[in-house]
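Every chain is named by a letter (A, B, C and D) in the order it is written, and numbering of its residues begins at 1.
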Amino acid sequence: MSHTIRQKKKLIARVSRLKGQLEAVERALEAERPCGDILQLLASIRGALNGLTGEVLEDHLHEHVLHAADEKARAEAVEEISQVLRTYIR
Amino acid sequence: MSHTIRQKKKLIARVSRLKGQLEAVERALEAERPCGDILQLLASIRGALNGLTGEVLEDHLHEHVLHAADEKARAEAVEEISQVLRTYIR
Amino acid sequence: MSHTIRQKKKLIARVSRLKGQLEAVERALEAERPCGDILQLLASIRGALNGLTGEVLEDHLHEHVLHAADEKARAEAVEEISQVLRTYIR
Amino acid sequence: MSHTIRQKKKLIARVSRLKGQLEAVERALEAERPCGDILQLLASIRGALNGLTGEVLEDHLHEHVLHAADEKARAEAVEEISQVLRTYIR
């Protein structure tokens, strides 16, 4: 992940927000809030997690596939993408 | 979420593990670990989040749909399930 | 699937449209159209398939869970739903 | 989609099988088979569709990203992949 400092900070901020969203689920479970509320919190976490994953994938496509150091590095980066996609689209 | 104490503890423990997994992503980003590693961490978080969601959905189906207090409560619980499913299957 | 004739016709019409969309993919592959076009056709088929699945699931929830003949039938219908959800949310 | 004839035939064969699976859904709806059966048929179609999509994506990554004619073509192919991924991971 040899990305710019700017991207790194932005991604870490998204992970922090996700942790905050999980803490809201913890509190909702402790307070025995209705299932429907908890399911909605979980659905919004899923959305945020997918948004983060999409961003890392796009960074990866641009940094390591498009601007690869050489053809060998590019082939490895494409292989990594393929493996990840297989877990999402199956 | 009027579930048993046992279920509640189990679900909270799963949320804690998810937070731990997110902290591993934070550390991986800080350490500028390879994109492929980060994508794999994110994919495993997705799996764990979906597992937790599936568990809450099943609890909901059993507690609030199957063993609903009355027909009105059952109809509301079915409506909640429908709304959640629409965000997952679209 | 003891649903009304009206629902049955509507669902069969959706399946026919899906077949038409697959035939468009066939023609696009035969004509060696750009990958990007084919991926977009496939993404729209996925959307249509998920829409159809969501409709069958909702029918199922209403006919066989909410308006079940008896508690045994309701428990079976809930079990069927749980199994299907596990294949979508994993 | 300037792929080999071999790949093209293989992909078209997969689309044909998908059409066959949709026809099974049509027959199941006509015969008013249980909802659970129809949901299982739909889940297997989803699996087959995702398998086909994964294959087209991998072909695309190899043909148009890895072995792109030039940097401009590669950038366009990466852009197409990004757009498609955003519809799957959201």
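We take it that a contact is a pair of C-beta atoms (placed from the backbone, for glycine too) under 8 Å apart; a residue touches a chain by one contact, two chains touch by 3 or more.
All values derive from a computational prediction rather than experimental measurement.
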item	value
Listed pair (A-D, A-B or B-C) duplicating the C-D contact set, over half by residue number	A-B
Between the pairs A-B and A-D, the one where more C-beta pairs touch	A-B
Centre distance in Å when chain A and chain B are each reduced to the mean of their C-alpha atoms	16
Approximate Å spacing (C-alpha centroids) for the pair chain A, chain D	24
Of all residues in chain A, the ones touching two or more other chains	50, 53, 57, 88
Contact set on chain D toward chain C in their complex	1-3, 8, 11-12, 15-16, 18-19, 22-23, 25-26, 28-30, 32-36, 38-40, 42-43, 45-46, 49-50, 52-53, 56-57, 59-60, 63-64, 77, 80, 83-84, 87-88
List of chain B residues in touch with chain C within their complex	47, 50-51, 53-54, 57-58, 61-62, 65-66, 74-75, 78, 81-82, 85-86, 88-90
